[in-house]
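Same chain, two partners: chain A is paired with chain B first, then with chain C.
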Partner chain A sequence: MNLRALARIAALACALAGAAALAHEVPASLPMTLEARNGRLRAHLDLSPAFPPDLARQVGNGLTNVIAVHLALVSQASDEVSALYSREIDILYDVWDEAYRVTVKDVDADRPRSQTLTFQNYRSLRSYLSELRQTDLGPLSALGTGSWIVQTRVEVNPISKELLERTREFIANPASGSRVSGSSRSVLGVMASYLLRGSDSGAEVHRFRSAPFTVREVTVR
Partner chain B sequence: MRFLSHAALLVALVVGAAARAEDLPATAETAPEPVPTPSELTPPLVRPYLIERIVITGGRRTRESEIRHRLLVKEGDVLDEEKVLLSRLRLGQLGWFSRVETHVERGSTRGRVVLFFTLTERNTLVISDLAFGSTGPQPIYAGFGLTEQNFLGLGMAVSGTFVYGGSPVDRPADPARFAFRASFYDPELPVLKEIPPLVLGLTFLGLRGEEITCNTSDCAELDGHFGGAPRLRYSRVGGEVTLGVRGPFERFMAGYRGEWLRAESMTGSVPSGPAPYLRDGNSFLSALTATYDRDTRNDIFFPTEGSRVTGQLVFSSRALGSDYDYSRYLLQVERAFPIGADALRIQTALGAVQGDAPFFDRFYPADFSYFTVGPALGRALELNFSPDSRYDALLAMAGAEYGIPLWSSGSFFHRGYLALGARWLWSAARAGVGRTHASKIPVSGDVALRFDTPVGMFNASVGYFLDDFL
Partner chain C sequence: MSPPASSRPTGRRASALLSRALGWRPPRLRPSRFELKISLALVLSGVVPLVAALWLAGRLADENLAFALNPRVLARLESTPTLFRDLFQARKQLYAEQARSIARGLPAEAGDLKTYLEQAVHRTARLRRAAVLDQEGTALAEAEATEPNPDGEWRGAPARVALRGGAVLECTFAIEARFFADLDEARELAEFYQSAGALRGDIRRSYLKAFGALLAVWALLAGLSGFWLARRTTRRVSDLIQAVRELAQGNLEVQVDPGAAADEVAGLARAFNAMVREVRESRDRIVYLEKISGWQEVARRLAHEIKNPLTPIQLAFQQLQVRFRASTSQDPELEKLMGEVGEIVREEIGTLQRLVEDFSSFAKLPEVRPEPCELGAFVEEFVRTSPQLTEGADVEITRGLSESPVALDRALMRRVLANLVKNAVEAAQPARARVHIGIARFNALGVVTIGDEGPGVEPSLRSRIFDPYFTTKGDGTGLGLAIVKKIVLQHGGEIAAGERPGGGALFTLSFPVVAADEPEVRTEPAAG
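What follows is the complex of A and B.
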């Protein structure tokens, strides 16, 4: 192998590595305030940036829509999770009653809760969805002297693993004939299967990551 | 740290589903918009609505009947949201639509609704093959393939692939080397109402090629002047028809393959070595084929779990009117394992050929490795442009590939991942003669960038570059 060939291979390898480095997605941050009440850490978040612009159309489609929010308090030094919080919101717009029926299920460090709500218009629903208040992230003393971050994951109409299992059979059986070998290879070659990428299932996942904070930045009330 | 697994949180949600309506959150103190007051809180009221009509919009190319018979709901049913969701996902998995949305509107009377499926059709014409390369005997060659996955909106796939090399180097008067393959595939061929639809596949192949037959695999005695190499010039024209059944995740297909073959041995300026096997003059290949394919991978582009098992059998006999008595067996198994957000894929292949199979139905080792250290080079649509014409009857391959997802929300380059692979390959011309040294080392590796686009899935591979130069 000559030097020119080596140089070409090295250039391609560098290009691949560069593309890999550039491609890493950095989570954004959400507007958030922290406070301590009765010795417990509480977070208030504005989830608006996580919602798609056409949320009104989506939640008004007359079928059940699901929004799931997951929070984790994570040690910046060790990546250990100190507290978890989850909320699942089921929204059904009744086309005959013209009202939004909402079921909310919360799980935080202490207790599971569930509630049902009815909203007569989208404005009040949107306001409710955007505000995540008094989220319990465990005892303040657990913060110690370390630095922490809050990771947030917002899913709009997530598809459950069970449902995916049930629909995987439709992904299988690609539209090709019996001949599965004999494909070509090339430096910019198409892989040996036909394009069968699933369509947009409508599910959206947004990840957010707060700026690091310590116990001294938490307002005690 | 990787973010908390969704599964773990779902478990938490299920645990927390016990209702405690008295634990309502406090009214927001600084809410910019009004929030519900307790007077607004009422139990959910979900009425069972009847589907009065189903309206499908946006399917301009796809025939409505092809969509309707794939729905799990029908007019007159009680609205079942799970079935609506499954229908939507099912339509999405066909590969014909980039988006499938559903909504309901009021029907003619209270209690009735109209269910809408709104489709956004996607490009179904994709590049299914793309190849170019250069070898000593063929300074440049290229190939291109297209597949239409929803032919005439009928849900059938039609594909065509063409590879062209031109006349061999130093022999401008020789016929050009080329290959083409056209395929038709109907995944749901209705036969009788009482039985599930069958799977029909048709393939046509035309090929004119040459195999260089020097005494050594690299034709070193010609010092790069391949125009003087002895060769086997041959052509193939034929096709295969297959019929099968499919179930969830799997399909079984059986078929018949027939090919008219013509071969001619050409002398060169150096003595000829052993030539790959093909009967001189005209001959006919007649064979029965069987394929079993089970594919439970969760994603074709970047599988993180599931497996694919493919078994192929070719049986050719004089009893079928063939000039070749042989059988060919190939088993390929691939399994994916998630490692965080990454994925590990284990790949294996086992193959054997018994009898006097024509060379193209034996195994060409370079087709199964990332690269070879030596003159062999992976074929393009079964055309061999390298000087190495050694084909084997036994094959074993084991490999692993580690995939690291890089992005998943691009516009044209929709998804991409970095693949790091290694393969071990062993092949032999027949039992008891030891490994064929198609590559000086039995191990090969690759670093590749793979990306998924609206026009196909592409693979930029360092291994391929290496193959050209090693």
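What follows is the complex of A and C.
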């Protein structure tokens, strides 16, 4: 058996292992209502499975918790993505005011928006987080006659770019974070920092998938 | 090490000449086995410990990360905001209780409220302001602390107590501002360690990747340096191999440059050069002796062929002269002619007899029988016992400090010295000659130099003056220096013609020094 044959077997084994792993990651069903306003498709999503009641302890720990929500409108026939939507929610429980300070950043290519909200208790916060309302999924006409689904990915406390940058800077120059002035850059640290550019670990991820729908099922208002 | 001189094809020779002229040689791209072996050895010797270091680095990274990102530390950091929350709640409860206590003591008379509130502000710790508000929020009485807060910068913590009739007691307590700064810093630190903890695996991998990349760079550098070192050595070895091949093909002019290094390869190159020089000199010596041997045979035959008819010619002419004198012829013209012809015949016969003697002498050079002697003493004895030299020339002898024990055939070497000194005297004529004789020892050679102040030998003729029958004199036979060289070579020595500093010819004779206890003296075989 030559090396090429071994490589093929290894690649096949890797593919099977990947497929098996994917099989375990079946997205949860996504309750959703759709409507069209001013010719644009808007979705109301119920993401409550991603925010169980016991999440209160985590989001109320006085540290900044980040919730990232990514939506994709996907053609069921071709897996082609028609619209993307992302929202990042920073939650900080203010231990003095005993309230949740929430900063919502809608990542929209056309109009990035940011708003700050305050919730006095977890119940109201959870209610807000669970319901994603009036989400713009692009022009209704883009749906055509095909069948579509909405895929949603909710990440709880992903590693933000800011934290990743701070971690990289710390690795490259450990003395930078201390109160002692001076630089302690090393070749190994700088290289390790450089190689730590990309990481998607650390997040608790919830995947949702809506039932297929067509344009006829969209309520026009 | 420069490439050896050789009889290469034209293109390669031109390339070699260009390389030698420019001091540059085209790089050989294909590595030799030796180069590969040395490079591989260096890479392995560099990589093996580095791989072990990589494993250690992985362990070290694990331990450092476990130490720096200790879950207990992280848990403590994460719980810090909760501690502050508890602290704030305790303060709030305390302040609420203090406000209720103040409310309980409020006087019934409105005129006494301000005094009471002032006293309350004064006696209640951290109370900065107290006010009684009516239903509309209008202050009925209020008091405010005037002295600075003893805990430094502060932030207001309100506490309200509802009073009868819809009025409100509003108290503002001070809470230390540093608590909030500390809380922010603790939160920032906890968030950072939280993310670092989540990235722990990635951090470890990035360190290992970085170390692996450095290892690869080190291995590459080790390989390149090994290749460079190997090429430096193998290039000289290759040159030596090439030179040996050319030597095997008969090129005795080949030499290799040992370079500036003082290693074994350079020593080998020097030894090779010395060996080739010795072989070349031996070959030249043998060739010369063979050539001389041939000329000796020619000289012997010529002497024989000339000598045989010479005596009958001489006798016949003598008979002719006797008969002419005895005749009665009175022709004065004929008598005069006979006298002139007789003179010519005698002179030419004498010349031919001398030539025959020279040829015979050259042809019958005796075999060299060397015996030990000290070169300087021998030369001085020669000068002392040759009065004819000092009569015709001023002889100056200069001796070095070291003695030169050599093996010489005294009779033949006297002939050599006599010949060279005679040439020096003749070169100075008609002036009186000054002959400079030097004796010195250079390492394993005893050297004699004989110089004059004559016109010297032209450089273009120096390589030919030892050839038989080559002469620059009008009456010379061209055998003197040939005989000299043959005798010197048969002693295992060398002779060279050059220019004396200050003008004139200089002949240098060198003989191998013989150890005092050396039982036998080696000499060149007498060819012919």
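Just a few scattered comments:
Keep in mind that, in the parts below, the second predicted complex is superposed on the first by the 149 of 221 C-alpha atoms of A that agree within 3 Å, B and C clash if a C-alpha of one lies under 4 Å from a C-alpha of the other, contacts with A are read in each partner's own complex, and residues count from 1 in each chain.
Keep this in mind: a contact is a pair of C-beta atoms (placed from the backbone, for glycine too) under 8 Å apart; a residue touches a chain by one contact, two chains touch by 3 or more.
No experiment lies behind these values; they were computed from the predicted model shown.
After overlaying the two complexes on the shared chain, residue contacts for A:R37 are found with neither chain B nor chain C. Once chain A of one complex is fitted onto chain A of the other, the partner contacts of A:L163 extend to both chain B and chain C. In the superposed model, A:G62 lies in contact with both chain B and chain C. Contacts of A:V95 after superposition on the shared chain: both chain B and chain C are touched.
Using the contact criterion defined above for the overlaid structures, shared-chain residue A:V74 touches chain B, although it does not reach chain C.
Of the two partners chain B and chain C, more residues of chain A are touched by B.
When the two complexes are laid over each other on chain A, chain A has residues 61-64, 95-96, 159-160, 163-164, 166-167, 170-171, 177, 187-189, 191, 193-196, 199, 201-202 in contact with both chain B and chain C. The touching residues of chain A, counted against chain B in their complex, run 1-2, 5, 8-9, 12-13, 16, 19-20, 23-25, 60-64, 68, 70, 72, 74, 79-81, 84, 86, 88, 92, 94-97, 101-103, 105-107, 111-120, 123-124, 126-128, 130-131, 133-134, 151, 153, 155, 158-161, 163-164, 166-191, 193-202, 207. Touching chain C in their complex are the following residues of chain A: 61-64, 93, 95-96, 98, 157, 159-160, 163-164, 166-167, 170-171, 177, 187-189, 191-196, 199, 201-202.
Those residues of chain C whose C-beta lies close enough to touch chain A in the complex are 78-82, 84-85, 88, 180, 183, 187, 190-192, 194-196, 198-199, 201-203, 205-207, 209-211, 213-214.
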